[in-house]
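Each structure below is given as structure tokens.
Both complexes below contain chain A, partnered by chain B and then by chain C.
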Partner chain A sequence: MGEGAGRVTAHLPILQVVVPLLAAPICAVLRHGRAAAWLAVLASWSVLGIALALLGQVMAGGVISYHIGDWVPPIGIEYRVDIVNAWVLVIVASIGAVVAPYAIASVEHEIAARRIPLFYAAYLLSLSGLLGIAITGDVFNVFVFLEISSLSAYALISLGRPRRALTAAYRYLIMGSVGATFIVIGIGLLYVMTGSLNMADLAELLPGVWDSRTVKVAYGFLGVGICLKLALFPLHLWLPNAYAFAPSPVTAFMASTATKVAVYMLLRFFLSIFGAAFSFEVMALDRILLPLALVAVFSMSLVAIFQVDVKRLLAYSSVAQIGYMILGLSFASVTGLTATLLHLFNHALMKGALFMALGCVVYRIGSVHIDAMAGLGKRMPWTMAAFVVGGLSLVGVPLTVGFISKWYLILGALEKGGLWIAVAVLVLVTSVMALVYVWRVVESAYLREFSGDEGTREAPLSLLAPTWVLVAANVYFGIDAVRTAGVARQAAEVLMAGIGS
Partner chain B sequence: MSIELLLALSLAVPAAGTFLILLLRRSPNAREAASLVTAGALFAIVLRIYGVVSSGERPAVVLAEPIRGIPIALEAEPLGVLFALIASFLWIVTTMYSIGYMRGHHEKNQTRFYVFFAFAIASVMGVAFAGNLFTLFLFYEVLSLTTFPLVTHAGTDAARRAGRVYLGILFGTSIAFQLLAIVWTYSVAGTLDFRTGGILDGRLAGIAVPVLLGLFVFGIGKAAVMPFHRWLPAAMVAPTPVSALLHAVAVVKAGVFSVLKISVYVFGIDFLAAAGASIWLMWVAAATIVLGSLVAFTKDNLKARLAYSTVSQLSYVVLGAMLANSWGVIGSGLHILMHAFGKITLFFCAGAIMVAGHKSEVSQLKGLGRTMPVTFGAFFIGTLSIVGLPPTGGSWSKWFLGVGSLEAGQVGLMAVLMVSSLLSLAYLMEIPLKGFFHKPDEPPRHEGIHEGPKWSLVAIVTTAVACLALFLYPEPFYRLMTMVAGP
Partner chain C sequence: MREEIIVRVGAKILTPFIIMFALYVHFHGDYSPGGGFQAGVILAAAFALLALVYGLGAVQRVLPPWFTRLCAALGVVIYGGVGVVTMLLGHNYLGYNALAHDPEHGQHYGILLVELGVLVTVFGVMASVFYLFAGRGRRDS
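What follows is the complex of A and B.
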């Protein structure tokens, strides 16, 4: 490796955010749909390359600390990559890299031509915002990136074809802004108490002021704000409509990344900055989250069963799946947290694949109503096969990633012994509920007669190929989960010990 | 060829057969030839594995390792070999039968039928040779999925409803109970491997043992222990070859086989007997035996009657495992074999009656035996074997199950076995009796002899003769079972 290459490697953390951030305005001024699309593809693929390189570096050499403008922290802004956020960066970047090429055909079908360059600008901004939240080591910076990603997400959702997309985006805007405000209040209170915004610094200073009421209030504000963002029941009301009415690639992207990054924020703030000890022993975080998670998993699975719009169905399922992630956290154990972190990745793969398959359906028949999808199994065999595999993964059938998540989650519950076996049972019962809602769609597609337009054909390859990349990933990481589970476990150990070092 | 490779091939050959079948879909004759060749090749492979295992070896191979310490592994041990022998041999016979049936009955989508059939057999091999609980669970689930298109083959509303019950119960129980039991086992034993003598002894005690065993028995919905038996009668909407091989042999036997294997290799019969963990399940099985027979009485539809008879007979195998002594285990294993041959004969006959005689209800069969003497003769032999009367193989398994009950000190169970034998004699024997000795209500549609398609007839005669032969030569199978649990 030459000196130049070495210099680039050293700057990977900042490039991770800057590449999509700079590509976004270029997309906006390009004014030509296809050119903007290919720039977005190029940007998101390089983002994935950078994220993988960062994960490699962290696994080889430990935590990377990058000082912006060479200002030394805690005064300057620090980007800090440990195994936890390197993992999240890879998740976000992988989904981004698969969704970008998928978007080309899908967006031309669903969005007016003049708005397409703006779509890619917003998409890249949202991507860089999410990556920024994940990579930064500065809490105020988290807020800045949160706003970047959220504002662009509102714009993306409002691009959806149904007019209700506008109200869905507006609702998300209101709820999201409340969440962001709560978060910034929390950050402000922390700054008042410690005079620092650097995460590592905060983690050292906070134990000294644990007893103060202000810190506890800050904890509450942050908790509610972040839980709004990650759509934890009962703060999930913005999510179903936003997912249902957004353009297909946006749904696939947001469902697989936005809530995952919010879960990461929760873990980072509560386990790294406040510290696992403070969260679990002083604030009883586990006892607060456990009932919410259980209700989320159960009630949202139940609601999903009765949906007729398949996108909405999967949206409710997402709220339930987020419940699983929070459930893992509420175990307050390494195995539970491993399940959470694994499910971040695994759920991104399954929901990405499912929403992309639905995008193919929208492309051909313009609707994802369960009756409109009747008989599609014969008309669009590859699309529906993708949906079946994704659905089985959601249920947690062995050889898919869903099984791996369930395995660790149940193992975590049984490890705790006693009444926790009831939690394990509930996880399994809700898996059966997932089977019910997935199977309603499968049954409609395979066991009913097609009644739509005679000319309906399989979706184009440009949509199918990215979809099947995710489907293949669902199976691959279901068969070979040793590596993913290894990384997740390492990350869980880091989080449980406090800040990585 | 190395034995490990053969073990992997036992899955790969039927799976590869599906591609061959798909490739040759334009020419039905070549497609059916592909099915037959694949079935023959698989049986040859299993025979070779049998040769190695019967000399005391236990070849094993690891296919992948999804979670550290929990590989997808195959291992050939005597019980699995017994099951694989039955399934692979009967696949040949059923394929012959299907050729006659599917064409004679003018079924649609025949290629899809043969493809999923081959996939189902591949998963059955996976169940038979599973080296640990995880692998067993994996192929168990794959088997549910691959047989679903076969159950809903007709595509009617009734088929769709049946498919819902089928998948709902099989998947529901396996996820809610079986998976929980597996993770529980892993969390106390630290391994999921099948080992002689079990992996739980000394690691689990008290009330937890019967609870865990119950989770397994009810979680294996394919064993059709009441109240989770409804999927089996529902599955009868499938074409008859499916009912014959899958819902009298492969799928249901995969269920009871799993129960037996888990009792022997996860719990260990000595541990079960010492803990007294299986006593409550003995009575659940006994109840299923009697209730299944009673319900069978009320069914006029021939396939429904056979289905409830299967529900009842499956619990014999479960009962044998729950007896937790070596006679029970031997009887249990032999009953998997004997019931397979007996019941498949009955289903073959039911299918032939449907195709050639256009009859599906028991009350319509009066006098039909005179036009279909071979079919009704075979039905008679199959009935003897199910009831457990000489000179058929069924008498051996009932014999050992009886010995096992007495050894366990359960005289009440012995009585259940006797009563149930009488019941099954009554509801099954009605059919050949009606066929041969009653006067038909209306003049027969055909003059003289009118049997089913000739391919089907060959299959019927083969399995009926096998029922008789197993009475004289049970020895190799008995020896396999003594290797599992020597008295």
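What follows is the complex of A and C.
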């Protein structure tokens, strides 16, 4: 038995991807929506278990390398888990584990019954794609998993109830495909120059060909392609509609995972494969990203203030929050990267909680228009309380995770001194802007009279419980940030040092 | 085209050869150009030809839409299942050497089985997509 358990732990890296990947086709052929739902929940929970076990293994014993098909890298495909992607795996898996049970009631309400098994199939495919991007140590494999996660994401978004979900999904498909094409062109150019697709191998071979124009062009293609995927301003145009019209659990899942994994891709390509020295000294990555990040944070927060559809409001806020993550990267320091990696996790928690609270609202009143939500504070106290805590976390109030992220961002800016103090001030100013758009919703829900259907009640427990799990996580990791900040700092150090060490 | 006798007889004669060719492309895929993907498309094309000539209804009696969807899912399970089996036999995921005493045979069986999964899925998806497009507007009438 002990030997059997040992053999299972040796296969954890591949099981991380294979469990949801094999559960997906089984979901697709199940006739019964509930059966598919519970299979998806089971798969998502085991995925979280595997991710936590992998993080534990990496923290105890260092990098794990798994050779697919027993082919030795760099020829074979290698799954390589270090602290950076173990951290991303835990983020994606935790959100998946919370969203899956939440989806059961929400999906039955928002999606036609005959499509429900297909919904779970697409959800599991998307999950396995995102996990695959995070875990693999092979750049072409990254592209394959990117396509798996993206194609299923387009399908998931198109399941939204408003007819406009179709055009939103189509637009995302076009933009996403352009991004994916750019990424594969970049990967192709790297292959031409080095003859390798293995990340660790590429990191060793690339310094020899740094001077060539091909490598720089590859860098550009990869940068633009990945930034399309992570919706960095001004490449974010697909995001607001996609998030606003997708079914509620899809929005919660995508907003908390898809862009995070894209940020991870950016860090992995630019810091691990090309190397921090090449990115910051030769390509001046920090000087390109800094203005884009600042404009993203500022302009998108401003746009969010004027939205009347709360889902779209939060979608614009997401683009702004992605700006914070890129801002951390543009500091080109360990503290800045720590802020980025922390915010990956923290933003997943807050946006997950907020979008799930909105899903509860949709479940009861069918709309998230700011006027339709008037007076909901009394009708749906638990839902709106969840929204308020999530909102406070978004603003960055102490005792929530949002505060921890901003703390490290400002710390990173102050550490650099000089003009960077202005960046720290801007972070504070945009936090106030977040307060404004969160307050608009709170004001509508608590200070205005309810005008909707008299029978409106609190959302069912099956929706509230997962929502409050994330709300509780927002507070817990806001008070006890020692563990999360510790892992994030360790991961930031690994990224800055390069893949070889 | 239902009245064109040459087309009807021609399609009838060609269909088994198209299916044979699909299987050839699959089983010879590890030594020559081809493989599961191409074989799946050719196999689906055989049924598309029949549907064009004899009508969608006639083909769907032989190859019902639920079956093509089942195929689409089944192929993925075959592919992933081969990996799971090699894991249970004590090798890494998709370590084909586990499948036979002689590693060379193991590699051979492994790639054929995995490509069979690809064939089944590609065939299922292609036929389903064809059915969806060919059946558009019929439900209303």
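The criterion applied here is as follows: the second predicted complex is superposed on the first by the 498 of 501 C-alpha atoms of A that agree within 3 Å, B and C clash if a C-alpha of one lies under 4 Å from a C-alpha of the other, contacts with A are read in each partner's own complex, and residues count from 1 in each chain.
The rule we apply is simple: contacts are C-beta pairs under 8 Å (C-beta built on N, C-alpha and C of every residue); 3 or more make two chains touch, one makes a residue touch a chain.
All values derive from a computational prediction rather than experimental measurement.
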| item | value |
| --- | --- |
| Touched partner set for A:V29, first chain B, second chain C, both or neither | second |
| Chain C versus chain B, contacts on chain A by residue | B |
| Touching partner for A:D371 - first (chain B), second (chain C), both, neither | neither |
| Touching partner for A:V429 - first (chain B), second (chain C), both, neither | first |
| Which superposed partner A:A481 touches (first chain B, second chain C, both, neither) | first |
| Footprint overlap on chain A, comparing chain B with chain C | none |
| Complex contacts: residues of chain C adjacent to chain A | 69-70, 72-74, 76-77, 80-81, 83-84, 87, 90-97 |
| Of chain A, residues touching chain B in the complex | 392, 395-399, 404, 406-407, 410-411, 414-415, 421, 424-425, 428-429, 431-432, 435-436, 439, 443, 447-448, 478-482, 485-486 |
| Chain A contact footprint on chain B (complex, rising order) | 64-68, 72, 134, 137-138, 141-142, 145, 152, 155, 159-160, 163-164, 167-168, 171-172, 175-177, 179-180, 183-184, 186-187 |
| Chain C partner contacts - residues on chain A that touch it in the complex | 7, 11, 14, 18, 21-22, 24-26, 28-29, 66-70, 121 |
